[in-house]
Amino acid sequence: MSSLPVWPVLLPLSAALLAVLWPRRSAWIGMSASLATLLAVMLLVSQLIDQGPLTHAIGGWQPGLGIALRADSLAAALLLMSSLVALGVGWYATGYFSSIGRQAQFWPLWLLLLAALHAMFLSADLFNLYVTLELLGLSAVALAALGGGRAAVEAALRYLTVGLLGSMAFLAGVALIYARYGTLDMLALAQAIEPEPAAWTALALMSAGLLVKSALFPLHFWLPPAHANAPAPVSAALSALVVKAAVYLMLRLWLDLFAPALNPAASWLLGLLGAAAVLWGSWNALRAQRLKLLAAYSTVAQLGYLFMFFPLLMAQPAGAARDAAFGALVLMALTHGFAKSALFLAAGMIQQRAGHDRIEDLGGTARALPVTTFTLALAGVALIGLPPSGAFLAKWQLLSSAFALGQWLWIPVVAIGSLMAAAYMFRVLGYAFGPGDAVRHPLADGREEIPALLLALVATAILGLGGALVWELVAPGALQLEAS
Amino acid sequence: MMATQLWQITDLLLALLALGLGWAAVSSRDLKRSVVFFIAFGLLLAIIWARLRAPDLALAEAAIGAGLSGALLLSALRDEGETAGVDDIQRGPIAALLSLLSIGLAAALAWVLVYTLGIADPVRMADEIAAQISNSGVTNPVTAVLLNFRAYDTLLELAVLLAAVLGILALGPARPAYRAAGPLLDGLIRWLVPLLVLTAGYLLWAGAHAPGGAFQAGAMLAAAAVMLRLGGHPGAGLPGPPLQRLLLTAGIAAFALVGIALMAAGHALLQYPAGWSGVLILLIETAATLAIATTLAMAYIGGRPVGWGPEAPTTKTVHNEERN
Amino acid sequence: MLFAELIYALTGIGLFVLGLRGTLLRRSLLGRILAINICGAGVFLTLIAIAYRGPGLSPDPLPHALVLTGIVVAVSATALALALGRRLRESEDE
Amino acid sequence: MSDLIGLALVLLGLTFFVAGSIGVLRLPDLHSRLHALTKADNLGLGLLCTGLALIDGGVLNAVKLFLVWLLVLAASAAAAHMIAQQAMRQERK
């Protein structure tokens, strides 16, 4: 039994305590913990590549009676993304929050959020997932309200009530599963679940809860205000990581746990909602007046792509074609995670320097903040899906799967969505390169610009050129919980 | 035979009363009424837990679900002042449609549940827990699940509490204190607070073998803090901020330290060595009790106490990014 | 299937739906928080009802532990929501 | 025998609760409602506890039940006092 799966949860959790105890040192504690967490995740990934999925039975009890942590390749890929994004966001936050008081408020909550994310990626127990969902939800809400302004608090409140309803629906599904199958252990459940009313109803309840949390159209209404009004590092984390967590759970439920009980046609509903989200989100991003609101609507659209993969995956038997589509889905999620966090950090940068983020008044930004504008452009490349970004490969694979399976509907959606993404990104860049003097305080301190740039580079270059590695890590065996 | 029927009538009455109180709490336009109905609902739920042979829950529900939630809601009502009171509940065709959908949903869920309970095996985890309880270090099965078999859930749950209270502290300074109590209330508080502390100690100790444990004990201590605050003590009997920070983190810290120490010794996370379970569980529970009590008390106070570490600037002077 | 198990499990479903509907229909924060709590109580009641195994057998302790966790999570969320509501009102007054 | 007496006391206690509840619903003003509620409940609970102690028969539980009664007595006296005080304050305004 490997003890590695424990550390990505325990390190940020312990650091959160230290940050509460020593508020004046919180940034230092948080950054050290983020580095240590990344290290632990890298060790975990290397052991995973050698030995296959890792399990850690907490308390030494057999899963079912106790709770097991389980790291498979999907979990590992997401852990890697979140610990890298966390490092970038944390680095940025050390400069962004100017007073020690703000730092001391940010870091403990931020570390708790990280612990919750990692606990969710690693959990193999349905009720434990509920607890991680609540931890994630409450710490995210608290962070979103950190600005303290009226709009931020109002958005955080709506985020909280919606999130709580989602958790309740999820918990109701868990209760039904326990009533029928008598266990909460996901490995055992993957064997036990059959096509019957209890399984369908439980899946419907849990999915409803998760779709609210993952802001799939038309349940996305809470996301744009919450993400656009939070402090920039928090927006980055919410858009890049927190909504992704709910999508991750949807993947687990639909493709792992409930796959034997499902008619593939059911996943068309998710695909259609995803397609609608791409169009609706892109349209609103195009019309957005503020840069952060644009970024938030773009998240609604990008999440839509992820859901369009569901009917493609469910329609194929296990095998190379399906693995390729699955790899593309993960690549898409990772690329968006890096690109969107970079976009929000850059937007926060501009907002701090210019005093606002109204797109039409951004003239002169490119001259005053060249690195930040370059970051915007790089993030745009990834969001549009141009080569060499990871999203290009992912969309390519999405299209070819759609051709192969004759699911023609997705093809125009991808085309239109990409064109619209190009339009809204070029609109921003057009204003940024235009004449004007939006930014009156040029930059004195480079450390805030570097993390955003690095994140954007990962999205555009590393994931694109190294996409094959992600494929190899994720694809084989990622979808066979029951077989491993 | 007679006894069975009496029980069935009681069950029906309790169930109908729960639905009625729940209905009254969610549909009354007068918020003060809603809150009172909600507190009554919580107490009724405690009775139902006792009826369903879940005494641990009955204690927790009465203390937390009805007691502390009720105190929080009542304080919120008081803060809203005269403007509070009437809630605008949506009416019209949308509401009617929603009600119709609700009835459909309830019927569907009810059918699935009845069908499922008809074919499900009612043993579930009960036998396995019973078989392993002698290895858990305690004899109360609920404590065994919470502090041993599924201790990891409890660890994360303490993190949930911590996240909530940190979020509350970040929002602003504490609520204004209440005016000093009159002699009667003051006398009652003098008398009740030590009793509550004593009860908390008993519940913590008894949790190993009887209903009780860290959550119930922590809630009792928090109730003492609420009483003190209502009696005009602004700090609610809590120690100074440095110690508050220590207490807030004590529960998770105990879990983490024990867990890491055990892993260093070659065990799994929180795998207590044979013979040590009882002691370690009591140690963790004691720390957790203090943490839960402090967390709930600070959540009730509703903001940063005086002298709480480095101050963040107030909203009016914050960064540009927070002005929209 | 026991009578008590059935009655309380169905009551739980009723409360769950009642709370859900209330959360969507109410406008004030306090009312919504109340409704969410009722919704959660419904799920808890269903869980404890299925744990009940009649007067002769001791009940299944696992759902008891889960619900205890759930109650604490619910009060944390309630406290945070009310604090946010207070902050919102203060910022309206400013 | 003590079972029967206990049961009778419990039933008698319950009638006091019913009377108190009716009083709250029917009496005209706050002060008389408070009066009905506290008087009836305190007496009702006392009878109830005595009855239960007789049925149970154990000394320890009897002591616990007595303590329960004492606590409720103290709490309801204080609560009634404060409600009345608040009402008087409002009447004076």
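Letters are used for the chains, namely A, B, C and D, taken in the order the chains are written, and counting of residues starts over at 1 for each.
Heads up, the rule we're going with is that a residue touches a chain if its C-beta (ideal position, glycine included) is under 8 Å from a C-beta of that chain, and two chains touch if they have at least 3 such contacts.
All of these numbers come straight from a predicted model, not from anything done at the bench.
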item	value
Chain whose Cα centroid lies at the greatest distance from that of chain A	D
Intercentroid distance (Cα basis), chain D paired with chain A, Å	57
Geometric centre distance via CA averages, chain B-chain A, whole Å	30
Between chain C and chain B, distance of the C-alpha-averaged centres to the nearest whole Å	11
Between chain D and chain C, distance of the C-alpha-averaged centres to the nearest whole Å	30
Touching two or more other chains - residue numbers and ranges from chain A	127, 131, 134, 138, 141-142, 145, 148-149, 153, 172, 178-179
Multi-partner residues of chain C (each touching 2 or more other chains)	16, 19-20, 33, 46, 50, 62, 66, 69, 73, 76-77, 80, 84-85, 87, 91
Touching two or more other chains - residues of chain D	none
Graph class of chain-chain contacts, one of line, ring, star, complete, other	other
Inter-chain touch pairs (all)	A-B, A-C, B-C, B-D
Of chain C, residues touching chain A in the complex	16, 19-20, 23, 29, 32-33, 36, 39-40, 43, 46-47, 50, 62-63, 66, 69-70, 73, 76-77, 80-81, 84-85, 87-88, 91-92
Complex contacts: residues of chain B adjacent to chain D	182, 184-185, 188, 191-192, 195
Complex interface listing, chain B residues touching chain A	108-109, 111-113, 115-117, 119-121, 123-125, 128-129, 132, 148-153, 155-157, 159-160, 162-164, 166-167, 169-172, 245-246, 248-249, 252-253, 256, 259-260, 263, 267-272, 309-315, 318-324
Residues of chain D defined as touching chain B within the complex	71, 74-75, 77-78, 81-82, 85
Residues of chain B defined as touching chain C within the complex	7-8, 11-12, 15, 18-19, 22-23, 25-27, 31, 34-35, 38, 41, 45, 48-49, 51-54, 56-57, 60-61, 64-65, 68-69, 72-73, 75-77, 79-80, 84, 87-90, 95, 98-99, 102-103, 105-106, 109-110, 113-114, 117-118, 122-126, 129-130, 141-142, 144-146, 150, 153-154, 157, 160-161, 163-165, 167-168, 171-172, 175, 215, 292, 295-296, 299-300, 302-303, 315-316
